[in-house]
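The structures considered in this document are given below.
What follows is a pair of complexes built around chain A, which joins chain B in one and chain C in the other.
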Partner chain A sequence: MLQQILTGLLIGSLYALIAQSAVLAYMTTRTINFAVASVMSASAFLALALAPFDWLTTPGRIAIVAILATAFGAVLFRVGVAPFSGSSEHDIRWILSLVALGLVFDDLILNSQGGQVHRLGYATIPGTLTIGDVTLSNQLILIGVVSVSIIGIIELASRYTGIGLRMRAVAEDRGTAELMGIRTNRIRIGSYAVGMIGVSIGAVLWSAQVGVSPALGSPLLLASFGAAIISSFTSIGGVLVGGAIFGVVTQLSSYIFGSAIGQVSGLILVILVLVLRPQGIFGKRALEKV
Partner chain B sequence: MSKVATFNKTRLKGFAFAGGLTILAVVFYLTVSSGAGSALSQAQLIGQVAALTLAVVGITFLVGRAGMPSLGQGAFVAIGAYTMSYLRMQYGWPTWLAVLVAVAACAVLGGIIAWATGRLRGPQLVIVTLFGATIVYVLISQLPVFGQFAGYPNSEQNGTSSLPVVQVFGISLTPPLSAGQAPTLVAVLLGVLVLTLIGARRLMRSKWGLSLLTIKESELLAAHLGINVLWRKISVFALASALAGMAGVEYALLFGHLQPESFVFVLSINLLVMAILGGNGTVLGPLVGTAIILWLQTSPYVTNFVKWEQKAISHQWYLSSQGIIGVILILLIIFMREGIVGTVSRVFANRSAKRRGRTEQHLPSAEQQPAPIDEPPYIEERNTEERSADKEVRAGAVLSISGVGLSFGGIRAVTDVSLSVDAGEILALIGPNGAGKSTVANMISGVYTPDRGTITLNGRDLKSVPAHLRRRGGIARTFQAPILLLDRSVIENVLAGSKSLGTQSWFRGIFGGPSAHRQGEADLAAAQHALERVGLLELAELRAGDLSYGRQRGVELARAIASSPEVLILDEPAAGLNASEAATLSTLLLRLRDEGLAILIVEHDMPLVRRTAGRIVCLASGQVLASGLPDEVLSDKRVMRAYLGSIAAEITSEPKSSVVEPIA
Partner chain C sequence: MKLHSARTRSYIRPKRTILLAAVTLTAALTLAGCSAGSSDDSASSTGNPGGIPVKMGILGPQTGAYAAFAGVGELQRGYELAADDFSKKYNINFTDEVVDDQSDPAVASRAVQTMLNDDKIDVLLGPATSGSALQIASVVQSTGRPWLSPSSSADNLVDMSIQPNWLFRTINSNAMAANVVGQYLYANNAKVGLIYSTDAFGQSSLASMQAYAQKAGKDLAVEPLAAGAPDVSGAIQRLKDAGVNSLYITMSNGADIAAVTKAISDANYKPNPMVATGQAEGPEYSNVASPSDWANLKIVDSRDLTSKPVQDLAAEYKAKYGSPPSRLSTVANTYAAVQLYMAAVAKVGSATNYEAVRKAMEDITDFSSLGVDFGTPFSPTDHDLFDADPSKWFLQALDPNGNLISTGSVPQG
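Up next is the complex of A and B:
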């Protein structure tokens, strides 16, 4: 049981690492990146393509992947979101365009790389750590440490740096921020881009554990949305809590009821949260103005 | 235009639509009726189009009309297909009962989702449907009862890999699976398709269909037009889900076997693409979109295109069928948001509008338009008669509010307001910005529930009465910024003011007979009359979004009076009007007053207030500052101070004083 809980917490931190990108993007753009699964599989395959170049070293490869993923995020916003998100909340063209872009990328990746699973071969700490009855893979522990660090850095940056302040200003009220001389479009593109750092690093570390394949992203996409919904789409650090809850619930119910129910339980939990407390654990209830 | 002529024309169009579709269905069936092996794949294609079009019709109501985005339509197709098959295989239920239960199950589930997510908007609803669809997929692909990836039914568990052929009155409905037999099932599916499209057309043209558009535009507006928004969202979601369930049932009958891969998440996306390609929210769009996408998926052109890509571009980096659908979706969003049917009908509508010369430029400008005094006398007579008959009953305060207060968080918007409006009276609510005028109007119409105090309509406490029932009870209003269906015609906008908008059921929308027709005619006459009174009848066929701001206000006013309300609340009706439009407005208001309406206007335009109001209530900081006859209130020093600031008040009353008081 303790084994399941700890594993759930570590996997939950991976979900949180993806979820921080959704929260960052939502805060400044009121949109969610439905194509994030494609960014993840693209990052994993990019890391795979860099595998033969040993002189790059592992941090060097991850840095390249992260930089390119950042550019990918910026392009997704510029091409897929910015032209299609009006002021109305009924305007859902951006969802369709992101989903469509996702279809195109997934198709390209599938056609060019094939559906099989490849071994990444680096960015991994082999072995396990055993404390008492609990055995955890070192890679998962690494993922947990990296996730918490990245989310922590972004949370702190959003509080204590100038860019972070501007970002929060845009999140609060885009129009006013614009009048205050903040280049809101840069902030919006930036928040899509910066979120991809964590997404790509998470994808590389995870694929080092489970293998590189086009199907890498979609389960993580749903789990990360789940994490963000449970905690709140307006709190960056909060996703660690949301991810932990989602991870532990999924792991525990898989352990007790089997894999099908396990997969479903997290999703049902998220739907319940949306129905009962749409703003999430840390969210404030929005007042509607007529 | 005479009523008889329009009536016959609409009926004729209906018959033409039904006849045309039937002929089309028969022709398509005849091409495959031989059951020859060469026609099998075409028969399957036709059957699939007939089946999936139903699911897309559901999307067109749910997403296109009501604006409720869903990525879960494919999941309901799966639920319908698996439920029907399971009930037949496992319990041996007769097919008709299994079909009925499967479709009903989808409807109930859809209704529950709509009820539970009633508070959610846009992206959140999308996520719920996405998660729901994933849950369904996990269950059908992983639960052992459904055979996992062996599909359902499968020979290992069920002894056969195909559902038994359906028998109806001794005739077997043969699916197009083996050569040499007439694919009679396809004929039945085509029949269902024709009936569904006829029903969809009737429903879209009904008040029920129109009400969905108002929900998409603004739920606030919809509630103020008498619609129970949550309930209507539940019914449209249930309808869409039932249609998807029926599509699944037909799909299962068509292929006799279900594989979980057929119902992956991409199915929902593809159904959406079909809806958007055909024209989301149009009648024929679903058929056109579904036919094109399914045909593309099976046609050799896509295979040839992929081959060409591989040769010309890259062996590795090419797009296959699903990627091409992604590209189509992107292109549609950018270049053709109205889809094929929507674009074509827009072009035709523009042409016929040009032919008739009905653009706003061609019309006499507001100044030259006949004043509403020139209304046909018969209408005037009828109305005064009606009104005077029940004027007795209405005498006295129709609307009264006493001691009402409301806070938002810690801010007190309204602290203590009491006022009443009598039948045949115009009460003006004035006061500086932020005084709480609009909040009072919003509490009366049911946007907000006051924290304290009571609001009564004809003596009835409105405390727990929601906005839509207040509208049905006779309170109509306009908004500070007009909320119109900008893409629809002016007359449709005014028709949205009909009482039947909120009360008509979808059943009556589809199956309504002569009485529903008469109701529709009466609503149309009332809408035309209302438009005539605001002087905009000439513009009835124009797109509301093409009108000037002042005229849009006129349309909104016409919508408010179309249902002959008892109380009319106008939130700054003169804002944005030019002088002559304002004059027309005040004439109309006085006329409405004389007919016995109780009118409350929230207004800054003092000339209008002076010309129309019988009494004035001035608010400041959420309290009544002064109330009484216009001259008294407007010359009240406190009112002047509140309105113009202390200096102005001092200057007007005591020109020599130089003391500057702080603004209250």
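Up next is the complex of A and C:
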């Protein structure tokens, strides 16, 4: 049982690392990046393309991938969201736009790179760590440490830096923030871009474990959105809790009731949260003046 | 004036951004659409100019969930290699049409009707997956067109109660595999487990193994896994705790088999024997797994993929396409299917006399392909090229470099 709980916590941290991008985007733009799975696949293939450059260290390669993914995130916002957001709360063209862009990039990756799964060959710590009866994959432990670190840094930056203050101001009330002289569009585009740092690093570390393929991101997308729904779309650090709950519930359910139940248990939990506490664990209930 | 200028800018800029978005989207869609997504993607010709004209329709995923690991590419390439090698011998001139079923049986169903009725194909090759093949079966059988299936192993696909039967299958069925593997796995009263994918192939494998176990009066522990499941350690732990010491892995995707064997390795779990289906034979498995993961893994196949003729075909494939096959067994089975069809067309002298071609395929004798002597491959009551005789099946393994090596025929308990 302890084995499943610890594995669930580690896999949940990966969900959280992807979920933080959704939270950052939602807080400042009230949109969700539905193309994030494509960013993951693109990041993994980019990391694969850098594999032959032996003079680059592993952190150097990952940094290049993260920088380019950041630019990709900014472009996604500029092309897929900015033209359609802001005119009205009810304008949902950005959803279609992001989904379409995601499909286009998936197709581009598939047709340019082929469907085969490739070995990344770096950014991996082989082997396992055994403590008593519990055996954990070293790579999952690495992913857990990196996820907590990145999410922690973003959370601290949002609380204690000037940019973080401006971001929270935009999240609170974009109109007022604009009147205060904050360049809200820069904050919004920055949120999309910064979110991609964690997504791309998560993609590289995960692809080192499961291989680089066009289908890399899709299986993680629902779980990461689930983690954000459980914790709240307004709490950056909270996604670690949301991811942990999602990961542990699916792991334990798989072990106790079998994989068929385990694979849907996380989604059932998400539905329960949506029904019973739609704002999530860390979200505030929105009060409306009548 | 300043206010007017600001208003003008704020009016123009969103329009320019929308224009930029539209241009980018259009360009990307155009690029992406170059080779995928439509139902009449490409048409080309190959073979012996002036020979008997044959219009070959090839159906399989170029997009969607299965495109990445069970795409139409291996069918197309197996066909092209057979056409290269035999079109002069049989005097055949192929034109072909490759159609994307988008990994969706409903799309496959619509696409095949267009191929049969509008495009007037003479023979259908594919679909690549069991789900799509089962979906289109009744349409093809009722239309009456020779149909070659080299990669769909679902048991109920070949239903010989339908006569005349147009489907000729050159891959083993899941029931055959269950019969062969079952005898091997249950030897020495082992506790047997099955990990299967939750798609049509996996469900069919499950049904076959359950039927075998029930007939043999044995227990079978089963664990379903969705394709691409992020973590499979829960399922592995359940099998380990249940005392399963003999394991069969039937997943549609080599990468998923890699996830399973990695989790087995991480859990320090050592089922022996541990047998996987042919999806583990190539780079889609070995590119992801590590040598320690496959040290104990055996791969079961109705072909000896390490034989010289099959390895020569793999070399021919690599020389022609620049990379080794991702699924050598699919290429070899497609090669055999097209070779059989060409022999039948040559005998009839026409590809459009469908009934005569169908009958000719049933009547072929002394057939050999890739070093295997099949004798009489089909008959009016048998449209499966392979059978469940364990002595004709092979166990293979991967060496530390990921190359396939033979470990002989399947031993029986």
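Just so it is clear, the second predicted complex is superposed on the first by the 284 of 290 C-alpha atoms of A that agree within 3 Å, B and C clash if a C-alpha of one lies under 4 Å from a C-alpha of the other, contacts with A are read in each partner's own complex, and residues count from 1 in each chain.
We take it that a contact is a pair of C-beta atoms (placed from the backbone, for glycine too) under 8 Å apart; a residue touches a chain by one contact, two chains touch by 3 or more.
Quick caveat, the model's predicted, so the values are computed rather than measured.
Overlaying the two complexes via chain A brings chain B and chain C into a clash.
Contact with chain C, but none with chain B, is seen for A:118 once the two complexes are overlaid on the shared chain. In the superposed pair of complexes, A:275 makes contact with chain B only, with no contact to chain C.
Within the superposed three-chain model, A:229 lies in touch with chain B and out of touch with chain C [touch as defined at top].
In the superposition on chain A, contact is made by A:107 with both chain B and chain C.
After overlaying the two complexes on the shared chain, residue contacts for A:251 are found with chain C alone; chain B is out of touch.
Of the two partner chains, both chain B and chain C are touched by A:260. Legend: residue contacts after superposition of the two complexes on their common chain; A:149 is shown touching neither chain B nor chain C. After overlaying the two complexes on the shared chain, residue contacts for A:135 are found with chain C alone; chain B is out of touch.
Of the two partner chains placed by superposition, A:57 touches none, neither chain B nor chain C. Ranked by how many residues of chain A each touches, chain B and chain C are led by C.
Clashing C-alpha atoms between chain C and chain B turn up only in stretch 113-121, chosen from 77-85, 113-121 or 401-409, once the structures are aligned on chain A. When the two complexes are laid over each other on chain A, chain A has residues 83, 97, 100-101, 104, 107-108, 111, 218, 259-260, 263 in contact with both chain B and chain C. Those residues of chain A that touch chain C in the shared complex are 3-4, 7, 11, 14, 78-80, 82-83, 97, 100-101, 104-105, 107-108, 110-111, 114-119, 126, 128, 130, 135-137, 209-211, 213-215, 218-220, 223, 250-255, 258-260, 262-263.
Interface residues of chain A facing chain B in the complex, by the touch rule stated above, are 31-32, 83-84, 89-93, 95-97, 99-104, 106-108, 111-112, 218, 222, 225-226, 229, 259-260, 263-264, 267-268, 270-271, 274-275, 278, 287, 290. By the touch criterion given at the top, residues 67, 69, 71, 116-117, 119-124, 126-128, 130-132, 134-135, 138-139, 142-143, 216, 220, 265-266, 269, 272, 276, 314, 316-320, 322-323, 325-327, 329-330, 333-334, 337, 408-409, 438, 442, 447 of chain B touch chain A in their complex. Of all the residues in chain C, the ones that touch chain A in their complex are 14, 17-18, 20-21, 24-25, 28-29, 31-37, 63, 65, 67-69, 71, 73, 198, 223-235, 237-238, 254-255, 258-259, 262, 266-268, 283-284, 287-288, 290, 326.
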